[in-house]
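Both complexes below contain subunit A, partnered by subunit B and then by subunit C.
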Partner chain A sequence: MNELSLSDLQIVLPEIWLALAGMALLMVGVFTSNRSTRLITGLTLVVFIIAGVLVNSGLDGTGFGGLVVDDRFGAFMKTLVLIGAGLTLLMSLGFIRREGMERFEFPVLILFATLGMFIMVSANDLMSLYIGLEMQSLALYVCAAFQRDNLRSTEAGLKYFVLGAVASGMLLYGASLVYGFTGTTSFADLAIILSGSDVSIGAIVGLVFIAAGLAFKISAVPFHMWTPDVYEGAPTPVTAFFSVAPKVAAVALLIRVLTGPFGGLFAEWQQIVFLLAVASMLLGAFGAIAQSNIKRLMAYSSIGHVGYILVGLAAGTAEGINGIAIYLAVYLAMSVGTWGCILAMRRQQRMVEDIADLSGLSRSNPGLAAALAIFMFSMAGIPPLAGFFGKFYVFLAAVNAGLYTLAVVGVLTSVVGAFYYIRIVKVMYFDEPGDAFDRPVGRELSWVVGLSAAFTLLFFVYTGPVLDGAAAASQSLGLVTIGEAQSAVLE
Partner chain B sequence: MHAAIVFLPLVGAIAAGLFGRWLGDKLAPIVTCVLLVASAILSWIVFFDVAIEGHVRTIELMSWIDVGAFEVNWSIMVDQLTAVMLVVVTTVSSVVHVYSIGYMSHDPHRPRFFAYLSLFTFSMLMLVTADNFVQMFFGWEGVGVCSYLLIGFWYKKPSANAAAIKAFVVNRVGDFGFALGIMGVFMVFKAVTFEAVFDATPDVAGQSFSFLGMNLDIMTTLCLLLFVGAMGKSAQMPLHTWLPDAMEGPTPVSALIHAATMVTAGVFMVVRLSPMFEQAPDAMIVVAFVGATTCFFAATVGICQNDIKRVIAYSTCSQLGYMFFACGVGAYPVAIFHLFTHAFFKALLFLGSGQVIHAVDGEQDMRRMGGLWKKLPITYAYMWIGSLALAGIPIFAGYWSKDLIIESAFVSDSPMGGYAFWLGVGAAFLTALYSWRLIIMTFHGRPRMSEHAFGHAHEAPRVMWVPLLVLAAGALLGGLPFLGGIMVYHGGHEFFGHSITILGENVIELAHEATPFWVKALVLVVAASGVAAAYIGYMWKPQIPGLLASNFRPLYKFLLNKWYFDELYDWLFVRPAMRLGHGLWKVGDGAVIDGLGPDGLAAATLNIARRARAMQSGYLYHYAFAMLIGVAVIVSWFLFRAWG
Partner chain C sequence: MILQTLAFYLFAAVLLASAVMVIASRNPVHSVLFLILAFFNAAGLFVLIGAEFLAMILVVVYVGAVAVLFLFVVMMLDINLTELRQGFLQYLPVGALIGLVLAIELIFVVTGWQLSPELAGMAQAPASGLVEHSNTAQLGEILYTRYAFLFQGAGVILLIAMMGAIVLTLRHRDIKRQKISRQVAQKPGDTIEIRKIRPGEGV
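And then the complex of A and B:
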């Protein structure tokens, strides 16, 4: 191990900032107790904003002897994570106050989870990968069970914890296999060793286990089983958080692991990703149809979205990663907005979660109905809404990479998916109205929903920042080597 | 001026159709009437200019289609043949327009009615002024559509809708042949203008082509295809079934469309295409056969009908048969001559019967009329004039034209000449019989309607009976040698010039010269005996028809049911088509396409969705098991590939 240098610290400056700020806020909370939850939440948001600045002004390079890496890809993904975490935290303000969740640990836990995600995104070694993953997961287990006196919430937390432990075990087992067969945990060294012609089958089995562990985090089929139960059981703001930030981080990690150290095994992992993508798209589309609870429906919806993201990954090209980056940004906006709408589903001081509760929303709350309709149409992939472009770029990448099967399955499942998305619109606009939801929905919530709706609706007008960022992110991974390796294999 | 004749009715149709609400129920009919009368006056001027002075001309309005070799222009061609049609169409149409002001005075949709009438007139004028096949087809379809709209004018009556659809569908059969014929003409001649085609016709005559292993004569095939179109439009057997049903429309419509103009379009077409038909003798034989057969068949049916308008409808069918067999034996000018006279007396008969119907509150069944002659003296006189003309009693218009047709058939050397002659003579007897049967049943005998209805019966208003004077004059005088008769002077060459082509010997001249006296006498005797038979059977010995009907029951039934054509078609086409449609609907669409497609997919989707939900048991060990199975499957896949 080299001497610790200043540049090492600069590379991980955002992470250090989050860690220090998190510990400081914990102290503040301990000494002021629960009265200051609102203050700490506000401070957390400030911390996020500063972290965002740091992320986007940081250096590119590796630090701590290659344990962590900082590049445009990481910066893009970290920005998405911050936005997702920040917005969901903002939306949760009203909820945690009303539902007796107003404890200062909540924003701090979100903060630490975000720190874990940062480390995941920056991971450049199997060790740092595992540390980041566990750090994130432990914070999320607690979040899921945060309503300790609520049976469903604790059940969700427990399920998530146990299954997460299984997944972590698989990941660790895979990591040890890879280490055993290659003698290194460094991504850079692995990339060199695994791109040789003579790769041991043991390393491939290790790859499968690592991929399975990561697939759990992004809830790809068949490692998705926890998702509907946890989404339904966890407190709604937590679910909103689950559905965006950790997903972005896990996808980023999966991309980094598969295209970096295992880039030489493209032919192998493409088959795995192909399988996961098809299964996820199908289950996401068909599973959602039979749901009556909108949180469960969103769980299946997110499984389907992961399937589409994996289509871009299966392409294994910079174009595919570019598509994923765009898809994640769009997904983030749609998802946050939708969850904001779900958070507004409150009747007589109680949260309601059934799709049927939305009936006639267009008359009792036209603004909310319009926003939700925008999100649903966008998720169904109807142009010119943002969701269309997300799907368009990943399918385009798949077609250009010759993966016609994936593109066709993707389009067909989009059609099936459109059924349940548009059914929500139909319920809102054509069914007889039920009782109106409680007004007002809350200032923060209105802002977040409005902002997301505007982004989703107007994305096609001004795509610049997202497309540029995504392009820079996908370029920085240096995926050309994969393509070359692939063509070398073909020859 | 020529363009004004054609387009004034269109202006009227647009005014009444699109701005009828604005013009109001009173003004809209008047506007269309004024425009049509203007058009009629211009037509007469053009008629004298063209027919007497011989100023034949073609005015090109604009290019319509110009694709490769396929060039079609909108144009107005006025030669002698067109001039005759112009005056017939615009005159009858004007009379009908004015008459309709009275006849339709209680109808709430008058502007629509007059818009249709004017649009029809415009289409008919486009048809007769066409200088190419495609514009003719445009007019052809235009009159078809207007006919459909007008038959179904009282759209709340199911029978009117059914009749409208029937007319449209039956005409479709004919139009299919016509369209095929036009395509064939373009294939053979690489042109669709009459001039180009007629110039090239002699070169093509006698050539043949191979189709399904048969060697077919090109000209015969083309002419027969085109004639199928004429059969549909002119209600010739076996495509006649729509015409009697078309009487569901308002009576002025029947007079204009289904007697005087549209149904004669087929005759006009055959005459217009005489240069082609002359090169196809086999097709001529078919034309003569179909015409003669229809002429006789329709007359037999006419004597057994009880609906006053249906009698006249079958009469029309029969008279059209005369015109066709005239064409078939090569006497085109006579066909047009008869078309001309027929337009007047048949429109007169229809409008007269319209006055009767108007007088007795819409009753059309002659068995519930009778004794009306004192109540409706003017109408009675009109019906007499019309019937005299129709039956071919000397001096009246029909005598000159029909007589000449029968004589032409007699002297013709066509193989169908004899057949056409004898059927024509038979039909002449039947024509006189059913005409006077109509008059006697309607106007004589004791009233067979309710006292109240009889008391209410009244002569039509002046706006209805005055215009008919024009038609009555035509029926009286239209056939005189120095009026309508000029059309057939010296075989018609002088009058028609180049608009009609007759190869070989001119039948008409031959008929003028070589008809034996007994033929002329026979036609007269037959007509007179028809009238006498009607008087005996329906006035003096009313029991005879009943006796005949019961003694010859099968024959009576056969005639009453119109030779069972409708039943035959129903059995042959309608029922199988319905069965096929029902089968395709229930089995093809419902069970197969919906079952496998929308319904089946939806059911399968729901099924999958339920299974997907069932997988979500809620038990941790199930979930963990699924994850492990997933990993195991993938690992096995790679292991088998590595070692297998």
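And then the complex of A and C:
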């Protein structure tokens, strides 16, 4: 039991690879100083590609006495995390050079944050959950404050750090309650103990605290307060990173925790997720209307998207998880693309962030305007763009699970959300043109934006890989018991 | 057995006395020194109950790192204590009230305390099967095998924390350093220019 075997190491091969590569790149950076930032960013991307290969060729199973698990679900989510981290890192190249952020620690921190997300996604024990979460969060706090001479960036970093520490405290408190009342931290053992009929109230209180801590990490209402400020203050490429990779990892972790060890408490946590979903969808829709800063608007938009994702989780079926997996993949593409467009908003060598600055973009830069229009229509959920399919699968799962309220609220808030998404399109295409943005926007940026726009636009033509991957991911969680419990409740 | 009891009372008495002195002494440096004394005595108590690993950690981490850090902070910040103490009387009623509530809660907890009957039996068999090892060896045995993954993960977290501190605070200032080789290799022609100036015209 206590002996390490080779299969243990094989299970965590991607994690080991990321950790060793991160330390090696750190050494390269230390000995060559900040001149090599571009080289290290490039090498980090290579590391990500190799990690992607390792993730998708790994074996299924648990390692280290059940501390970590490797399955199709983990592989799918880790691939999304890698794509999100890689694309945002690629987009950041121009920004960090111009804004005096060119320091070799930046790509290394992103790499270590990705390592933390990997551990989160494959956590199979409350202890590995916390280690992964804290590793990711710590790297993100530093990234948020990376422009240390910028007041807003340091404020964002400090705010994120303090509130994140509170959330970690809540999560730890919940974990200690669960451990105290069940005597184990292993997800597999917890699932057995908590599936019985007489679950102690202490474990349920623990579940509530753990759910609250994780809800903070995915910025679901009412734990969303930090999101607009941190998104606005953090350097734009960092915000782009925040809005994709950590969100995917935290949602994956929430799914794993709620459906795995707490699967027997479905009736209890469904109420929590239900409330979080409704509140997030409403606030995401109505909070964004009054925003004039596009980074704040995207923060509210991401809160709304988290609400839609939680609709799939509230269903508690494999179909719902399938919907979430598709939604995350689509959200990743839309989000990365939109942030790419925001990174291209420069005028006289300075970043501009107001929605009004986009006026008349269709005349000064038709390509960028068309791409941003595609992302906005997609986020609003207009068929046949990718965003429609994400929402469709999630709402379908909710309807099939009998959660008509959630589906109706979701559709209504989508209509409200369409208002502010399409307003951006209106500003770009019908308002009087202002000064043109700086050209060229940068080769990497155009590639990322073009790629995401193509994915969003043509998703319906070739859906195969995403749908297959999502199906395999949702099947590997083995949600049969929850589905049965759900249908039993309905009868 | 008598010796152990005597040692316990000695450590406990010094611990309590020095803990009182931490908050009672006027000089903050004395407070920190009393805190270190308290840590040492707590370590002695741990040794008495056979938890020598905790005792070592307490000395290494708390005395070696945390207390010295405190000492640095206290010495560098130059806190004016008379100002700090001015609010003491003002907050005394609130503090006393909170203390009273906590005391009542403690009394409730202790009077309502029930130990399960099996507990007495369990306490006599600590870590069955591994008794021949010291608890440092026992901890090491699972820390580097079963929990190796978490142990390494915690190490990476510390590395990130260190990187973060360096990224956010380290500044490379332009310091002018003497480079003797360059001074020696300097030729008069590099720095001195000789010009012929006619009287009354200036440079």
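Quick notes
Quick note on the criterion: the second predicted complex is superposed on the first by the 483 of 491 C-alpha atoms of A that agree within 3 Å, B and C clash if a C-alpha of one lies under 4 Å from a C-alpha of the other, contacts with A are read in each partner's own complex, and residues count from 1 in each chain.
Here, a contact is a pair of C-beta atoms (placed from the backbone, for glycine too) under 8 Å apart; a residue touches a chain by one contact, two chains touch by 3 or more.
Only a predicted model underlies this, so the values are computations on that prediction, with no experimental measurement involved.
In the overlay built on the shared chain, the residue A:458 is in contact with neither subunit B nor subunit C. Look at A:287: by the touch rule set out above, it reaches subunit B but stays clear of subunit C.
Of the two partner chains placed by superposition, only subunit B is touched by A:271; subunit C is not. Look at A:222: by the touch rule set out above, it reaches subunit B but stays clear of subunit C. Those residues of subunit A whose C-beta lies close enough to touch subunit C in the complex are 1-4, 8, 12, 19, 22-23, 26, 63-65, 67-68, 103, 105, 108-109, 112, 115, 119, 127-128, 131-132, 134-135, 138-139, 141-142, 145-146, 148, 157. Across the complex, subunit A is touched by residues 141-142, 145-150, 152-154, 156-157, 159-161, 163-164, 166-169 of subunit C.
The part of subunit A that touches subunit B in the complex is made up of residues 159, 162-163, 166-167, 170, 201, 204-205, 208-209, 211-212, 216, 222-223, 225-226, 228-229, 268, 271-272, 275, 283, 286-291, 416, 419.
Within the complex formed with subunit A, the subunit B residues making contact are 605-606, 608-610, 612-613, 616, 618, 620, 622-624, 626-631, 634-635, 637-639, 642-643.
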